[in-house]
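Heads up, the next two complexes both have subunit A, just with different partners, subunit B and then subunit C.
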Partner chain A sequence: MSSNATQLSQQQFKIVLLGEGCVGKTSLMLRYCQNKFTENHESTLQASFLTKKFIINNTRVQLSIWDTAGQERFHALGPIYYRDSNGALLVYDITDPDSLSKVKSWVKELRKIRGNNVVLAVVGNKTDLLSPQQQSNGADNQIIDEAQKYSQSVNAYHYCTSAKSNRGIDDLFLDLTKKMLAQNQLIQEQTQVKSRSSASAPNQRGLTIAADPPTDEEEGADTRRNKCC
Partner chain B sequence: MTSLQKNLFYNTLVRQFRKTYRDAIDKCYTICVPINDSYESNVINDHFMSAHILKASPLLKSHFVAANNKHNFDVEIDGQTLRVTRVNEMMKTYLILPKYLDDAKDRIKCIIDWGYENFSQLPSLSGISSNDLQLDTAIETEELSQMEAKTTPLEKLYCLRKTLDLVTQQMTKSVEEKHFLLPVKTDPICIMSDDLIAAVICVLTSVKPKRFESEINFIQTFSWNLPQNNEFGYSSVTFEVVKEFIKNYDINQKSHKTSAKGDTKGHKSDDNSSVNAKHYSNMSSPLDRELEKISKMIDISSISTDSSQSTNANNDSNDDLGEFLGSLNRNSFGVGFGKQY
Partner chain C sequence: MRSSTKKMSEQIHDFYQTMNIYVTIDPLYRELYQTLFTRIQHEDKDRELALQKRIRSLNWVMVQHLDVDINLRHPQTKNLVTEAIPEVIEMDSKQVPLEKLGCIVNCSKTIFKLLQVNSQEPVSADQFLPALVLIVIKANLPLLQSNIKLITRFSPPSRLMSGEVGYYFTNLCCATAFIENITGDSLNMTEQDFQSYITGEAQPPGAHQQSTFLCEAFRILSSNMAVLSDLNDRQTKFETQMSELTDIVHMFPDDMLKRTHNALKLLSLTV
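Let's look at the complex of A and B:
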């Protein structure tokens, strides 16, 4: 048992949750984490920071899900939350096109601040509100179509969920975790390659002394000094 | 949900109201069994029992009425939903005639009284006011004032985290006491970041911790070895957000608006501003000054709200000065606060 435990590597990921009011962020977060808390969950009302632990591909993963202040008045403070985030869930309501526009502005902001270090997941919530036909066809919805195309264009992943009927949520978090693990792996490899290439550079000991060419003033000063001496 | 064998109502009915139970079984009545904890145990009496023994409504399909005809309500069973209504019944079955308006009035009054009696204490999240959120600052004061005496970033951070926990607890208590008086088990209510930030700002305005900005900066600068991706990190970020919000909150715009509103208030506001300028110059940092201003705004706002003899001028100042808390209240406490899952 203990030997198994030692073989597992550990990863911690920070996921920020973004979305306009009433798109179902809270429901999504709680629906996912409630499986863990079950009955004890009712004793606490603090839902702005939740964690979820599980094991995937021999890796012990801990997801910290941070709810961000979504109101317009707190908009400028968003970057404080995004700091060091590994993933972001950008939630929109599949029946509300305005909520998708908001997602687009957040994507821009996240890319500006975190670059490609963050895995973005655009989540269309409330699929239970789709007609049975649309549910079976999947993407037969104008807003979802637009969101999918947009997600592809910004290198984000698109998911459809229903917190109400508990559909697609586990898959969403599992997939996001896999993507974050892959992203981490990639970053690690890139760092290793960099360090290796700098280590294998010939005739260098990791220290370079760069001397600036003398400026006119310095040259003048030198000549003056020479003259004095 | 507990099993029927452990249900208090069912057990009481079977054991103590044996005759009523037998009668209901014999006549194939429908027994509506409330779950445990959805009512006070001392309300179980004959009246309560009979209100839960139903028979099919003679008028409407899927509707039920009390089997003993002594309760004037109608229960509609729609799939798994139970609706208790009296208005619907009247709307569907009552024909208002000119000569019977008094009778209609009496019946409607009766329904309103019944509804008021039974549902006046239903949870009303949108009605939460800033007064309801007056937090018990005594505990938070203790934690926040202790922060100054602590030496290490971890100790200080612990104070912040503890404060957040206490704020959350207080909000929970407030919601439960004032807005969920009915002993009905509801879905958990979740306090999200927007609510938490607004509440922390309110706490800070009353506690006014010394050198708050410096403390936060100190924690952030020297906490590089502390784990950021946990509750401590979240607490630190929440207070940082609060700090930034207070620092960037534009009060001058509001005061400008106030002075531009009318000449009648010109002298008063000038006097205030000179006094305030003197007072604020003694404060230690810009953040402390903003905090003090917001605190004053909230104080004035609450005084004018409490005062029943408020003048027009007071109302104006309430509109302007209470804008900060008012806007938080409308947008955060009013809608977001206590988001129900």
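Let's look at the complex of A and C:
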């Protein structure tokens, strides 16, 4: 991140999108990748696999977002989708407590299979359905409160979005990307440390740099987000 | 000096190109293909046979069992279904993994079109995966398991794990895993019903209707029937309009006479 290299480094990330049928994960994805939200999205053939490219912290990043089938009958197939994923978006509907309990079961599974190699983001969608009062008062909603507490307990990040009014989505993906970059750096450092018996000075420096800023930002980002919903 | 650099660059390009041909459409690989593929087939013969048997026993599975939102009676949908099935079957006839993957991509794209016939909305995975399961069951493609295995072993992992191609391939793996572990519960029915359907003791209601849509002759028959009933409707409409017209024609002289009388009356009054 703090390298002096003139060339941009490249990173590819695979993000799996998990969520029950009506939580709006497709709208979320389309809103982010194509900035579209209409009652019927014309011209787009599919919204199950989309990519987005951008540059962040001198790194060229390509996100590929994999939508997964959320029906209960396909639940057992999750592990096939999770393979090699760097991040996971677990979407629930802030008006539907059942969709949050589904998220919890996915979190357990993801942690079991990918361990700490995956960055989890729990996303409460449809904030536009909250009353204006609730929106200004911050997290007044019981489901959101519960989700926030739960996310903290499983080392996941919590976000609130609205695909309809395009709120919080860009922030969500940007934040997630930063965290995945940090995670990647951390894994790289760890493997380097493992491969070499003694870590050299620049390596250690890289490690601290990679690990520090995101934690600061994460606090800042969280407080900002609390205000938004 | 410059010309020599140019020459060298040409040579390097030539080298890359020929290497490219050798690597992507590798004759060595093609030569080995039969041996490789037969080996893979032998490794998991039992599993392959079990899967094939299972798919065959599931031929009664219908749109509503998987909650797929397609209407097989729609002519365009029917055409796209018949298009998607050979596309995925073609995979077995290709040798190079990349070509096999190409078949999966084609089939997936057709499925997206298929799901968009009725709704204009972009297709999400919630609709795509069940539709793919249905197509895989209807296609019953030969050596599905071995083909998947061959692709997994002889493709670069990055191709299978990321990118659009990887996504479609993963979905095919999911569909196969789903079919292998299918139960009554996953098809919206009781285990008892499921067992009786799978053993062929009974057929789910409406199975006959659906199978007619998948048989070419019956499909032509049904489309002809539709055309005939449409013609019939138009005929009756035409007849009613005819009789209406005759009534009008019959009425016309009387009506005209009445009008002339009225006109004359008015005229006599003014005169």
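Please note the rule applied: the second predicted complex is superposed on the first by the 181 of 229 C-alpha atoms of A that agree within 3 Å, B and C clash if a C-alpha of one lies under 4 Å from a C-alpha of the other, contacts with A are read in each partner's own complex, and residues count from 1 in each chain.
Keep this in mind: a residue touches a chain if its C-beta (ideal position, glycine included) is under 8 Å from a C-beta of that chain, and two chains touch if they have at least 3 such contacts.
Only a predicted model underlies this, so the values are computations on that prediction, with no experimental measurement involved.
After alignment on the shared subunit A, the placement of subunit B and subunit C results in a clash. Of the two partner chains placed by the overlay, neither subunit B nor subunit C lies in contact with A:Tyr32. Applying the stated contact rule after C-alpha superposition, one finds that A:Trp106 touches neither subunit B nor subunit C.
By the touch criterion stated above, A:Gly70 is placed in contact with subunit B and with subunit C alike.
Of the two partner chains, neither subunit B nor subunit C is touched by A:Tyr92. Common to the subunit B and subunit C contact sets on subunit A are residues 12, 14, 21, 25-26, 30, 41-42, 44-49, 51, 64, 66-71, 73-74, 76-77, 80-81, 83-84.
Put simply, subunit B touches subunit A in their complex at residues 165, 168, 171-172, 175, 188-194, 196-197, 228-231, 234, 237-238, 240-241, 244-245, 248, 327, 331-332, 335-336, 338-339, 341. Of all residues in subunit A, only 12, 14, 17, 21, 25-26, 30, 40-42, 44-49, 51, 64, 66-71, 73-74, 76-77, 80-81, 83-84 touch subunit C in the complex they form. If you check the complex, the residues on subunit C that touch subunit A are 67, 109, 112-113, 116, 119-126, 128-130, 161-164, 167-168, 170, 173-174, 177-178, 181, 185-187.
Remark: subunit A residues 12-14, 21, 25-27, 30, 41-42, 44-49, 51, 64, 66-71, 73-74, 76-77, 80-81, 83-84 touch subunit B in the complex.
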